[in-house]
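Should a chain be cited, it is by its letter among A, B, C, D and E, assigned in written order, with residues numbered from 1 in that chain.
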Amino acid sequence: MIKKIRKKKKRRKFKNPSVNQIPGKMVYVGEKSTQEKAIEVFEYNKDMLEFQKFTATEEVLDYRNTPHTTWIDFVGLTHTNDIEILGKHFGLHPLLLEDVVNTRQRPKIEVYDDYVFISVKMLYYDNGNSLVKEHISLAFGHNFVLSFQESESEVFDGIRERLKNKTGRLRTFKSDYLAYALLDAIVDNYFEVVEHIAERVEKLEDLLFLEQSQENIAQDIQKAKREIIRIRKATFPIKEVIVHLENENHKLIEKRTKSYIRDLHDHAIQVAENIDIYREMTWGLMDMYMSTISNKMNEVMKVLTIMASIFIPLTFIAGIYGMNFDYMPELQLKYGYFYVWGLMLLVFFGLLWYFKRKKWL
Amino acid sequence: MIKKIRKKKKRRKFKNPSVNQIPGKMVYVGEKSTQEKAIEVFEYNKDMLEFQKFTATEEVLDYRNTPHTTWIDFVGLTHTNDIEILGKHFGLHPLLLEDVVNTRQRPKIEVYDDYVFISVKMLYYDNGNSLVKEHISLAFGHNFVLSFQESESEVFDGIRERLKNKTGRLRTFKSDYLAYALLDAIVDNYFEVVEHIAERVEKLEDLLFLEQSQENIAQDIQKAKREIIRIRKATFPIKEVIVHLENENHKLIEKRTKSYIRDLHDHAIQVAENIDIYREMTWGLMDMYMSTISNKMNEVMKVLTIMASIFIPLTFIAGIYGMNFDYMPELQLKYGYFYVWGLMLLVFFGLLWYFKRKKWL
Amino acid sequence: MIKKIRKKKKRRKFKNPSVNQIPGKMVYVGEKSTQEKAIEVFEYNKDMLEFQKFTATEEVLDYRNTPHTTWIDFVGLTHTNDIEILGKHFGLHPLLLEDVVNTRQRPKIEVYDDYVFISVKMLYYDNGNSLVKEHISLAFGHNFVLSFQESESEVFDGIRERLKNKTGRLRTFKSDYLAYALLDAIVDNYFEVVEHIAERVEKLEDLLFLEQSQENIAQDIQKAKREIIRIRKATFPIKEVIVHLENENHKLIEKRTKSYIRDLHDHAIQVAENIDIYREMTWGLMDMYMSTISNKMNEVMKVLTIMASIFIPLTFIAGIYGMNFDYMPELQLKYGYFYVWGLMLLVFFGLLWYFKRKKWL
Amino acid sequence: MIKKIRKKKKRRKFKNPSVNQIPGKMVYVGEKSTQEKAIEVFEYNKDMLEFQKFTATEEVLDYRNTPHTTWIDFVGLTHTNDIEILGKHFGLHPLLLEDVVNTRQRPKIEVYDDYVFISVKMLYYDNGNSLVKEHISLAFGHNFVLSFQESESEVFDGIRERLKNKTGRLRTFKSDYLAYALLDAIVDNYFEVVEHIAERVEKLEDLLFLEQSQENIAQDIQKAKREIIRIRKATFPIKEVIVHLENENHKLIEKRTKSYIRDLHDHAIQVAENIDIYREMTWGLMDMYMSTISNKMNEVMKVLTIMASIFIPLTFIAGIYGMNFDYMPELQLKYGYFYVWGLMLLVFFGLLWYFKRKKWL
Amino acid sequence: MIKKIRKKKKRRKFKNPSVNQIPGKMVYVGEKSTQEKAIEVFEYNKDMLEFQKFTATEEVLDYRNTPHTTWIDFVGLTHTNDIEILGKHFGLHPLLLEDVVNTRQRPKIEVYDDYVFISVKMLYYDNGNSLVKEHISLAFGHNFVLSFQESESEVFDGIRERLKNKTGRLRTFKSDYLAYALLDAIVDNYFEVVEHIAERVEKLEDLLFLEQSQENIAQDIQKAKREIIRIRKATFPIKEVIVHLENENHKLIEKRTKSYIRDLHDHAIQVAENIDIYREMTWGLMDMYMSTISNKMNEVMKVLTIMASIFIPLTFIAGIYGMNFDYMPELQLKYGYFYVWGLMLLVFFGLLWYFKRKKWL
């Protein structure tokens, strides 16, 4: 166990890389993953769709000048050089490129004349049921959308599918709608995460209601608290991002897209409200757990009190007649022994009756 | 009991249907109910009232063009196709139709050029005394009001009655007033729900004041907390909806209706204030319950302490004279046995007096 | 005791009268009192004062057209017909008349072109020291002030007195100042209520400081909490009402009255601040009570531990020499019995010294 | 002790004097002090300073018309007549004069065309280390500053000193700067009060860290809470007062004075922040105290458990061989007595080892 | 230990130096350090860099008129005379110079026509792992930046390095960017401090999860609380400072610098969010610690109850047959002794089974 503590300490011992760095210097701060670089390009309009995978960043630069909408999905934030080349080619500010690779960056939106930059967190539970938090950045300009992810995930699969569907809305709208659709897929996934935490909190509550001997439930409650705090931190700022997008009068954002962004705003509020509800419930669980412990202690004390209160006086009576005085008249009575038994039974049932009346039995 | 936990888990296991869906795709997310589709139409003005029930959606579409105010009340949110046909015919945005059938949608208002859309929660306690939360949507435009409900309820019965009354205000006002009246009926019902929770909280408080052995009261408090949290979530957003309606300068909303909306605003604030008062009181109950448990434990400990403190020393004295030493002068005293009894009574009453003075007896 | 709970339940069982009612329909919702209707009229200006009591509402209607300021004080909110006649004659909106008789209406102000309507709560402690909350409504227009009260109280006696005083400010100002004066009398009374709750909280604190055996103090704290919550709910909204009045540029409100309203605003803030201070203190009392219980339990446990820890080992020693082995050398020692007494005294004083060092004695 | 409670009750029984009073009627509400009236006048400009003490209010009225700045410092709020004469002569509104003598008035600022009125609280610890709260009012107009205090204090001594210094800023600025300087002296004193409460909270924390038997520490924490609540109430509103002064564009407030008021604003925020920090720490102390009590109880219980668990089984063994059965083979063994001792030592050390392993010893 | 308390008391006993002082009078309020005065000057533009150290303040005054950007870094806030000379020469307002040396000054920004003044806190952990809080002030005007520090620290080493780098952004931007870079270095260091506190809180949580006998963990939690409160107070106001800087349209702040300030704003928010997360977690730890103590007490009580409940009845049985009645038939039974052993084993295993069923074993 002590080891576990040490390991945790070590995990944090690496020097925070952003200290003493020039602003705009791109530094990847997450765990060094071995994620291969992967670039997917979707080129589409109402009438056509072209899909291709690349590994060399230089090969996708020409997509900037195509007349159709282009979605370049870049996976692998450790490849800072490639991101720099790609970002500069599409005109992104160096400080934004720093934000793309800084996995600790909080969700935000930055509106420039020619493009809009959005950075958010993608959340999901992996197979081992532990929460994964991924840093995702989007930039959309005239005819292009760039997306930067830490690793390949299934969150955008639905959008890939819908792009292939000729009659869908995605192909008839512009880059602003694709950016909206990507954000929408991320927020939809937040609902999954909320469901997961809801199940967990309700299970903890059920366990407390059973009042069985679960001593480590305090830990589970504390862990749930911690996870809810983490989820809250990752998801709450997206509301501001979406509100900003909703109120922005940018040439890139079409009027018909605004209704969809308003709808997304709605979803973001709903996620936030649900998280706060489970947060409040989890806080209450600790109070309830304390009352459960106290009730158990009460039960333990009652058993002790009943046993001791009944047998200590009886033992005293037996002790009396175990004394060795030369002259103890009761000892010579013929039925003295039986009289004493009678007295003891009287005391025994008297105390039982007393405890019954107190509802301790 | 373990089963109960598993079942709950299963209940949530269905895939959240809104993930990976196209925005505007109508997906009913509540429990699959067997509610039959039911359509009621009220056609009225100052001078006439026509009431009819339908089962086929197509039959009501012509009401759009009648010169009188028409209220179409559609029951059965699982019938998404019918809702789509009806909604499109009356010109509702696809995203709104998605909200009509999404029972998890939070209360909101959307103002379009030709109509106003409102989505809220209807709350009531059913016969089994469990809280029912129903998703209700309203849309009112020139000469029409649409309402969409999950199932038939009695909440709007009063309005049906008043429509039949020729001299009432309802028939002389337009669609905006009917929409107000429907919201008013819903908010009036919130007061009923608040009364119900008030009774429950006060009953819990009374039980705590009796200080009897109610070990599961912590659960009841936690359940009341949870229910208050749910009610709060369902009712609070209606304030924003009504404020928005109050401040809206829409051609559909007549000036004379504004006073009524302001009155409704008042009621919504009152509901919210009352909920928060019972919320605060419920939170305090847990603290009070903890003090009750601690007081009980104090009582148990006192009994134990009194019994043990009195009889352990007496038993010790008896033990002394139960020793088998060859030479123990007291044993041979003629009245030794009675002297010891005297000593024991002295100890007994001395300790009784001590505990009395400490007010433990 | 169980009966008490049932009764409370019954008290709330009456159907909430505002459900399924037409808006503007006047429904008295308080307890059915037997309060007789009583109407007092003060007609005054700088030079004259005329005072008269009436029982028939119709007789006071003509006062609307007198050239002097008229104060009509109507007592008895169950008389909804009379209030309707009076209100309509003075031009009040039907929704306001509903608010006049709805004793659950929260404090509010409504400004119309020709009059200003204010509804607040009057609070005082009755002879039996229980808090009385009364619903009061005021409406002032050109040359008239209407006031509607649940029952006769002494709160406005000071104003009646001052009206009779020819040189006072009241007679030289208009209806706006009289309305201010009535509000001022109500707010002044709030200070009395705050004093009362302050005394109570400080008495509870003193009782806790004495640390005597008061087991029902938790109930008293909870009751104080509940009362503070009620007072807060009744008094806080008056701040908004007064701020609204202060900022209103209405032809009825003279500039010279504004200074007085600002002063009233000051008082309302002071009431609110004081309530919150006693609220915070009361919340802290529960924590302190818990520490008191725990300290008492500590004391109980110490007595038990000392008694048991001292006499159980001694009893064991006595038990040793109560054994019946054929060969126990100590038993035959001449002074064996006294040696054992020596050993016991050693153990006894050793343990006493140990507990003294631990400061348990 | 009971007496103390009664006395407190009595202290509050005096009728709140502001009830049923005409607004603007001056009523002193503090304790009836025997403070003599004292009037000090400073008449100064860049080149001259004249200082004089008066006892008759009429003698200072002429200072209104002197061409230099005049500071009239009036001590003794019970002398309402003198304050009324002085206030009226300098043109103060009657409601302000009411505020001057109402020691319960919360801090506020009122800006009139010809003067600015400020009312705040002066706080300091007296010799007996109890907190003194004094009501102070300032009014500054063209060429004059009036100050009204409850009793003579040392807080303004520094300013009197600086006035005598010809080269100081005070003599070259106008009445606005003198008013600022008086407020600054008051706020500087708040820092002293914060230091005092800081010391006290830190001492309580140290006592808790020592974990010694201090049973009345809960009372000390509660008292510290109460004092912090009082200080907070007295000092927080001064922020609003200063912000108002800072934003006011009044002919009386020179631009060069504004920087000083901004600096004062800074200090007021700092005071408020520090109070809230000590407030939060004090609230945490109660939680820590509870954990201290629980730890002590744990220790008590361990001693009991160890003593009882060790000696009760041993006593049972001794009891076995104290039985008087005719046939008990062990009793006749030659070394039976010693075998039993062996068994007892085994049990004794076995249990010791068990408790050691559990880390209870 | 008592000594430690006294020392703390003494530490605060020095008279607060700002009381009774003229505003703008420079008074150093920190601990009297022996820090030598040290002045470093960087003179640079795109093409040149000149670096020099000085000890006499007079020697650096001429740098005001050089055509290049000059950074004068002054170390040693006790040298108030030098700071006054330097500050006056560069035109700083006397109140700002007071703020430079007042180490208790809260973070703030003041914008004057010719320069911008910023005062913040630098935080770092020293070698002994205790938190160091340093007061730092910056002033930047046309072609100059002044910085005033308490003592030499490594926080600005990175900036010194980057200044020497000809191609870096620092040399091509003006004084506003250098000021930004200094603030950025300070905020980057806050991340280090947050990491440190994060490690500590997580270590405390791990210790609680191990549930070992750490009685002083309550103290560690309280100390962590106190440190988080201190860090919060020092770091939160920097957000306001940066927001003010971001929104300021001052001739000194170039448009290209604004993006960098916005980025800094982002970092400040992130620091604040992280601090609040660890604050919330720390507050929860106390609740968890209480549950740990209660669980331990439960375990202790169970051991006592099991031991006492098993052996007290057995001892009673032994006591029965230790009585000395003349006629006790069981005593004469041949196998009476063994029958009694049988009975005792029955009781023993019966109780063991009972406690097992209750899951206490």
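Everything that follows uses one rule, which is that contacts are C-beta pairs under 8 Å (C-beta built on N, C-alpha and C of every residue); 3 or more make two chains touch, one makes a residue touch a chain.
These numbers come from a predicted model, not from an experiment.
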item: Chain labels contacting subunit C and also subunit D; value: none
item: For subunit A placed onto subunit E, the superposition rotation in degrees, Cα atoms, nearest 5; value: 70
item: CA centroid of subunit B to CA centroid of subunit C, Å; value: 26
item: Subunit B and subunit D, separation of their C-alpha mean positions in angstrom; value: 42
item: Multi-partner residues of subunit E (each touching 2 or more other chains); value: 290, 294, 297, 301, 304, 308, 312, 315, 319, 322-324, 328
item: Overall pattern in which the protein chains touch one another (line/ring/star/complete/other); value: ring
item: Order in which chains appear around the ring, subunit D first, subunit E after it; value: D, E, A, B, C
item: Subunit B residues within the subunit C interface of the complex; value: 157-158, 161-162, 168-169, 181, 184-185, 188-189, 191-192, 195, 198-199, 202-203, 205-210, 259-260, 262-263, 266, 269-270, 273, 277, 280-281, 284, 287-288, 290-292, 294-295, 297-298, 301-302, 304-305, 308-309, 312-313, 315-316, 319-320, 322-328, 359-360
item: Touching residues (chain side subunit E, partner subunit D) in the complex; value: 1, 4-5, 8-9, 12, 16, 18-24, 93, 95, 98-99, 104-106, 108, 110, 212-213, 215, 218-219, 222, 225-226, 229-230, 233, 286, 289-290, 293-294, 296-297, 300-301, 303-304, 307-308, 311-312, 314-315, 318-319, 321-324, 328, 330-337, 340
